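You will see subunit A twice below: alongside subunit B first, and alongside subunit C after that.
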Partner chain A sequence: MAVIEAIATQYLEADAATVTFGSIPASYEHLQLRASLRSTSGVYAMRLKINLNGDTGTNYSNHNVRGSTSSPTAYAQTGAAYIQTSDGMHGSSLPPGEYASFIMDILDYANTNKNTTCSLMAGSALTHTDNRVQFGSGLWDNTAAITTILFTPNAGSFSRGCEFTLYGLNSA
Partner chain B sequence: MAAFTVIEHEEIATGGVVSWSETSIAASYDHLLLKVSGRSERSAYADEWVVTLNGSTTTSEYSSTILKAYSATPVSERYATSVRGGFIWPKAPGALALADTFGSLTMWIPNYANTANFKQVLISNAFENDSTTDYRWEVQQIAGLFSSTAAITAIGVTSRSGLGDIAEFSTFTLYGVTGA
Partner chain C sequence: MADPSYIVDGVLEDGEAWVGISTATPSSADVSFVSTDDGQVGDFSQYMDLVIISYCRSAAAGSWKDITLQFNNDTGSNYSAQDLYGNGTSVGAQRTNPTSTGLAYISGSDSTANVFSAVIHNIFDINSGKWKSLTVQSAGESSNPDTAWMEAGIWKSQAAITEIDVKAGGTFAAGSMISLFGILPRMVA
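Then we have the complex of A and B:
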C-alpha cells in the first residue's frame, strides 16, 4: 500500500458552479487537496469557499495571513458559513491561462474525537498587481468524520481547465 | 520504491504525555516530513511547543525566522539563537480554546542525513480556535536553521512552558521521503 494515494482527480472540461468530492473513505490518516483555480467572474481575484459534509451553517472559523503589497494583512473570522481563502483564486479579468495554486491539508479528518482543522496555502494573480500569497487555517466545529468536501467560487463558476486532486495519506 | 514511507505514527493516549520524540531515525531517506495534529492541556488558550533535533537544547544551534499573525497586523521576527533549545515556537490550542480543537504543524527537513551542511527546516503551523480575539489564534511560517552537520537521527516536541502535557488524541506522523 502506498503511503500517498490519489483518491480522485477532477479536471473540468467545462465551466462548473461547484466541485464536490463525496464518499471519501475513512481509511486514511490525513487528506491533502491540490488544485489549480480560476473563476469565470470578471474580477482579478476572489475567495474560494469550502463546505464540509454538506454543512452550510455558521459553524466555521477562519484565520489567515496574506501578502499582496508592501504591507501584509491578516484576518480572523468566526460564525462563518464556510472555510474560505482570502481571495486566493483567479478571476477572468486576468489573461487566459492564468490559474491560481491552492493546497489544503486536513489532518486526522476521520478522527471523531476532533473538530476538523484545515491548513490552507494559496497564491494568485502573478501577472497583475492585484496578486496574493497567503497561509491560513480553517475550523469546522464538528467532530464528524469528513466524507464530503464542496468547493465553490465566491462568484461565477470554476473555469474550464481547473483541476482538483484529493490525496489520502496513510499512517501505517 | 515508494517515495513516501511511514517511519512512525503515534496517537497520544488518555492522560497525555510530557513530550513526543522519535529516535534512531534511519539515514536511508532523502527528506523527512512531520505532520502533527496537536493540542495542549495547559490552562491557557495556547501553549508554545519546542521542536528539537538530535536531542540538542543548545540555544546557539537554533535560529528561527518567522512570519505570523495573531491579530490584524502580521509580524515577522528573527532569532539568531533560541531562548530555549529548539525552534521558536510553534503553537497548539490549550485547554481554554474551543473543546476538541487541534492545531496543525507540518515540518519539512530536506537532506536531513547529510553530514556536510547545517540543516534547514520549514514549519507551517496553525493554532486554531473559534476566536477573533488577538492572541487567541495564530498562523505562522517558520524557517529554521539547525547549526549542526550531524545527520538528524531524532526529533522531539515538548511544551515550552512545562505547564501542560500534549493532549490525548494528538497525533504525530513522521514520513521518510525518498528521491529517485
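Then we have the complex of A and C:
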C-alpha cells in the first residue's frame, strides 16, 4: 500500500449545498483533506462547518487563532453542533477567480479508544479587508471511527469549481 | 517515452498520491522549479496541488531574511497575502500586496551558526482557471526574531503554474534543502 493515497476527489461541476465523503475505509492511520473553496452567498467571509459520522448533536469544540489585516485574534466554541473555521472561506462578493485554501488533518481516525481531534488551516478573502489566515483545532467528543465527513458552507452553496480531495496516510 | 509510475501496462493504477519531483540544495542562487511538460514526474500539469518543503538559511547579512515565491516569472504586483505570527510573547498580523507571495522568514548569516528554518508551502489547484492560492507555515529560531509564522496568499492569475521561483531575500546558505512534491487527485474510480 502506498504511504499516501488519494481516497476520493470531488471537483464540483455544479453548485452543491454540501459535500460528503462517506464509507471512509479504516485502513489508514491518518486522514488529510485538502480543498479549494468558495460559496455562492454574496458575502466576503463565512464559516465552513464540518460534521463527522452524521452527528449533528452538540458534541463538538474548536479553537482558532486568526490574522486579519493587522489584528490577531483567537476564538473558541464548546458544545457546538459542528466544527467550524473562523470565517475561513468566502462568498461570491470576491473576484470570480478567488477561492479559499483549506487543509484538515484527522489523526488516528479509526481508533475507537480515542475521541477525534483534528487540525485546520485556512486562508480566504485575500483581496478584501475580510482577509483571513487561520490555524485551528477541532474536537468531536466521540470515540467512533470516522466513516463520514460532511462539509457545509455557513450560507449559500459550494460554488462550481470547488475541489475536495481526501487522502489516507500510512507509515509503511 | 516511458509512462509515469502510476500507469502500468497502459492501465491507470492506484499509487502514491504524493510524488517527489525534485530537491534542490542551493548554495547561492535562488531556486527555480520548472515544469518539464513531458508527461513524467516533473510535469506539473498532472498534479492537483504542489507542496514545497524547505529547510534553509540565507547567506545574506542580517539575523533573518525573507523567503518568497513567484509564479511563471510574474514580477508584477499581482499577489496578495495575510500573515499571522508569534515572536517571543508578541503576536501580530499584517496584510500585504507585494510582488511575490508565500512570505516567511528564515535565518540570516548573522543568526546562530547552523540554525536553519523550516518552511512548508501548500499551493492549491495549480492547473485550474482559478487564481492560485497557497498557505505557508514556517518556524525559525534565528535569535531575532524567533518566529512562528503562517500566511495565506494568492496569485491573481488564472494561468496554470509552470514555474515556481523560490527566492531567499539574498542567497541561500550552503546546506539549504528545498524539495518540491506533486499531489495527485484520486484518478481511479
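Structural remarks
In the analysis below, the second predicted complex is superposed on the first by the 172 of 172 C-alpha atoms of A that agree within 3 Å, B and C clash if a C-alpha of one lies under 4 Å from a C-alpha of the other, contacts with A are read in each partner's own complex, and residues count from 1 in each chain.
The criterion applied here is as follows: contacts are C-beta pairs under 8 Å (C-beta built on N, C-alpha and C of every residue); 3 or more make two chains touch, one makes a residue touch a chain.
Computed from a predicted structure; not experimentally measured.
After superposition on subunit A, the partners subunit B and subunit C collide with one another. Looking at the shared chain after the overlay, A:5 reaches subunit C, while subunit B stays out of its contact range. Of the two partner chains, subunit B is the only one touched by A:29; subunit C is not. Once the two complexes are laid over each other on the shared chain, residue contacts for A:39 go to neither subunit B nor subunit C.
Residue contacts after overlaying the shared chain place A:141 against subunit B, while subunit C stays out of touching range.
When the two complexes are overlaid on their common chain A, residue A:159 makes contact with neither subunit B nor subunit C. By the touch criterion defined above, A:97 lies against subunit C but remains apart from subunit B after alignment on the C-alpha atoms of chain A.
When the two complexes are overlaid on their common chain A, residue A:107 makes contact with subunit B while staying clear of subunit C.
In the superposed model, A:132 lies in contact with subunit C only, and not with subunit B. By the touch criterion defined above, A:84 reaches neither subunit B nor subunit C. Stretch 113-121 is the one among 41-49, 59-67 or 113-121 where subunit C clashes with subunit B after the superposition on chain A. 2-4, 65, 72, 121, 135 are the residues of subunit A that lie in the contact sets of both subunit B and subunit C, per the superposition on chain A. The touching residues of subunit B, when paired with subunit A in their complex, are 2-6, 9, 35-37, 67-69, 71-74, 98, 100-104, 106, 124, 126, 128-133, 137-141, 168-169, 171, 173, 175. By the touch rule above, subunit C contacts subunit A in their complex via residues 14-18, 48-49, 80-85, 91-95, 122, 124-125, 128-131, 133-135, 137, 150-154, 156, 158, 183-187. Note for the complex: subunit A touches subunit B at residues 2-4, 29-30, 61, 63-65, 72-78, 105, 107-108, 111, 113-115, 117, 119, 121, 135-139, 141, 143, 169-172. The residues of subunit A lying in touch with subunit C in their complex are 2-9, 11, 34, 36, 65-72, 95, 97-101, 103, 121-124, 126-127, 131-135, 161, 163, 165, 167.
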